[in-house]
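Here the structure is laid out as structure tokens; the discussion comes afterwards.
Which chain is which? They are A, B, C and D, in the order written, and residues in each are numbered from 1.
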Amino acid sequence: MTFTADEMMAVAAARRLTNDNVCFVGIGLPSVAANLARRTHAPRCVLVYESGTIGAKPGKLPLSIGDGELAETADAVVSVPEMFAYWLQAGRIDVGFLGAAQIDPNGNLNSTVIGDYARPKVRLPGGGGAPEIATSVADVFVMLRQTPRAFVERLDFKTSRGDRVRVVVTDLGILEPRDGELTLVGVHPGVAVDDVRAATGWKLAVADDVDVTAPPTGVELAALRSLESIVRE
Amino acid sequence: MTFTADEMMAVAAARRLTNDNVCFVGIGLPSVAANLARRTHAPRCVLVYESGTIGAKPGKLPLSIGDGELAETADAVVSVPEMFAYWLQAGRIDVGFLGAAQIDPNGNLNSTVIGDYARPKVRLPGGGGAPEIATSVADVFVMLRQTPRAFVERLDFKTSRGDRVRVVVTDLGILEPRDGELTLVGVHPGVAVDDVRAATGWKLAVADDVDVTAPPTGVELAALRSLESIVRE
Amino acid sequence: MADIVTLADAVRELVHDGDTVALEGFTHLIPNAAGHELIRQGLNDLTLVRMTPDVVYDQLIGMGAARKLVFSWGGNPGVGSLHRFRDAVEHDWPAPLALEEHSHAGMAAAYAAGAADLPFGLLRGYEGTDLVAHTRVGTVTCPFTGEELTAVPALRPDVGIIHAQQADRKGNVQLWGITGVQKETVLASSRSIVSVEEIVDELEPRPGAVVLPAWVIDAVAEVPGGARPSYAHGYYERDNEFYAAWDSISRDRDTFASWMREHVLGAVAA
Amino acid sequence: MADIVTLADAVRELVHDGDTVALEGFTHLIPNAAGHELIRQGLNDLTLVRMTPDVVYDQLIGMGAARKLVFSWGGNPGVGSLHRFRDAVEHDWPAPLALEEHSHAGMAAAYAAGAADLPFGLLRGYEGTDLVAHTRVGTVTCPFTGEELTAVPALRPDVGIIHAQQADRKGNVQLWGITGVQKETVLASSRSIVSVEEIVDELEPRPGAVVLPAWVIDAVAEVPGGARPSYAHGYYERDNEFYAAWDSISRDRDTFASWMREHVLGAVAA
């Protein structure tokens, strides 16, 4: 079965979640990965969206973090101040997914600006929940497509800290921190280590034993495609 | 129509409430007075109980501040932390009724201990909501029966501050602060100023023009008695 | 993830001598059965926490289970004093009882801070009262306005115990009516026990309900009537006569002791 | 006590040039109609506050109504950038836009502090980020543990504007579904406007609902569809196609301007 790089990325990220995880989910790739995990090997994984829905079980992939179906299928809906104080800050959520425009070798992320803060070349949406997700969950999982412009030696702006980043799943492979520096530990099928090096804006550390990610199974791909085909229009 | 001193006290206190008041109510005499006001001249007075019920409209006089009927008839029920932070502390409640075991000439109240704090002669229930009610509402109304043991020159313990006490309604009369000192401004029918002096543990200041409280009307008494006859057993 | 167990097993597993234990409830849903189980299991040296300690705390104190009480209003609502509480404070009977006394606003902020894993709760409070000299409060200064505010140390009980109307078979809990400070109690505590009126197949959403997911609770026990003599909205009414009767039962040490022997110690665990 | 008025009258009466205005909503119940009324009445020099400024804030900014934005995430959810917001920040078009940027956790704590009339909100946050150097945050030290915590200045907008499903004839308001930070917005603001889908004789209690009593609200306006293109739980769905279309409408200054003339400026006030 053929599959795209984005599909491999979603599957590889989903595999990191277990039935014991309580997971803070943003929209986009993280939501795809978390919902895929729930439909395959981790049906009891608890999804928490920052809009206040705890234990949401959406039938469709939500387009926004505040979709009505998240509230309808949640175990509990709480206010946004309560979500950030009693649930995120209190350390009740073990995994947080983050995306970003830039990442540095230490897993620090930028989702604020490209260029100077006061007069940016590109004003990005900003950090949202990221600054405190990055310091409140036990394990941060980062998902972003690997390019030299995204994987940079030095961020234009540090939106969130990298200390709790445990894995970065890209469309090319998998990076994990080794002594604090993101190190290539896996490549997706058909990707060479040099491809990943070329897509990285710093001199990439590579583990001695780079795994090749198992390709998506038929079950995973079918679940992923059925999930994406029912994204709300 | 004859009436008791306690009935006069409840009626005199109820008369202080208006349709524009939002009133923080405790159990006992204050609850009687506030519910009486709602059933006579101030039907739109909003009752707030510290259990979290906002706009409660009990059909019976509640026996505790957490009676189920308060929740059933409230406009909104909020958590106790929210009640104290968003509603009381934020100054949304204009009138607070307080009782106490002791009051001093400045309206400071004691509901904590008689005797020494560490080894009291009488351990009272304690302040509950009083310390912050006394400093968060615009107007504190105090209700307590007037005796030399309750009206004391010096409190055994200051549970709440007197600065916002606007009136003290007793079974004998009405006191209001004049230059910070509680001063007799009214006596209930049949009570002499000297009776009130004798029931006060300090040298009582008396206004030049002491009013005589209008006796309870037939309407007031009927409403009060119907309210009290349906106190839950 | 909540285990569904008997109340006796939950207490045996999760509560230990010397623990700080909060049994919360604001008139409604007071976990009386759980309090009785603490007494039956002979737990002692407890620090008991509650905004409004009432009859069940009077019983725990009178039976000598408590070393310390953290509270803001200790009385028999609508009736008067708690005689066992008074006897402990006034005469050290059956044992001395240390007090950490707060206002309701302070306790509520302290529970909320505990639930948010903050070291203190922030409020305007206690100011100008004698409480300040007798309790644990501090001050912080607003870095923007310079205003001095009151800080109360967060409440972080070892065990939080509440009673709710329902749980589902996974251990998700729902309570409704006056919900007080119960959510904060569970979230602020290291371990938690919830007794419930009934375990149902599915929690039907209710107006005004608080839902606590199973994964923040350690143990759920089905204990019908577990809040009596307080009430459970939708299940049974408050036994106001019992509260009035407690005044005379508790006034005398011997009457109290024999009542406890007959009604609590001799009772079968739930 | 809430007056029941038209949205146009509510805005005319309660919102003034130069005000700090928060129109809140977390994907759900976004007060789009009220935002359009601000534009139609030509309000300007506003400080706009919102955790998640989206299309309606893009419109306000693109029309030059705002002097400053206080926010934590400014984007078109599920689509991408807000082009008018970007144009204002990147090119001062149509006017410079000052930013006060926070995290969601900081904004939420700041609204809660405003609702509680505290001068600052307390959290663990911002630490180790470049936000600290570009926004208003401070620190306080816990008097019990010595821990240094983050303080964010309380949000106290001049006007808070939200959209809800229902009000009754007295002006009591009920909203349900994802209720976000709307209660705090109303309670933190000096004045408040609530647009509602419908005014009903009696508010029927609903699971998960927030009820705001009439006496904390200044004006209630009946505006069916007032949250479109966002959604109103139980009334209508989110118009996801419009959010996608906004990307191209807003990308070009002229296309944007003519769309606004046709769909907002030319529209009849609710």
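The working rule: contacts are C-beta pairs under 8 Å (C-beta built on N, C-alpha and C of every residue); 3 or more make two chains touch, one makes a residue touch a chain.
The structure displayed is predicted, hence computed values, not measured ones.
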Chain C and chain A - chains in contact with each: D
Pair exhibiting more inter-chain C-beta contacts, B-D or A-D: A-D
Far-end chain from chain A, centres as C-alpha averages: B
CA centroid of chain C to CA centroid of chain D, Å: 39
Where chain B and chain C are represented by their mean Cα positions, the distance between them in whole Å: 28
Chain B residues counted as touching two or more neighbouring chains: 85, 89
Residues of chain D whose C-beta touches two or more other chains: 112, 117-118, 123-124, 183-184, 208
Listing of all chain pairs that touch each other, if any do: A-C, A-D, B-C, B-D, C-D
Interface residues, chain B side, partner chain C - complex: 27-28, 50-53, 63-68, 70-71, 77, 79-81, 83-85, 88-89, 112, 117, 119-132, 135-136, 157-161, 232-233
Of chain C, residues touching chain B in the complex: 26-28, 51-52, 71-75, 77-78, 81-82, 85-86, 89-90, 101, 103-106, 108-109, 111-112, 123-131, 134, 177-181, 183-184, 208, 210, 231, 233, 237-238, 240-241
Complex contact set, residues of chain A against chain C: 22, 46, 54-55, 75-76, 85-86, 89-92
Of all residues in chain C, those that touch chain D in their complex: 117-120, 122-124, 136, 138-145, 147, 149, 151, 153, 205-209
Chain D residues within the chain B interface of the complex: 112, 115-118, 172, 183-184, 187, 211-213, 215-216
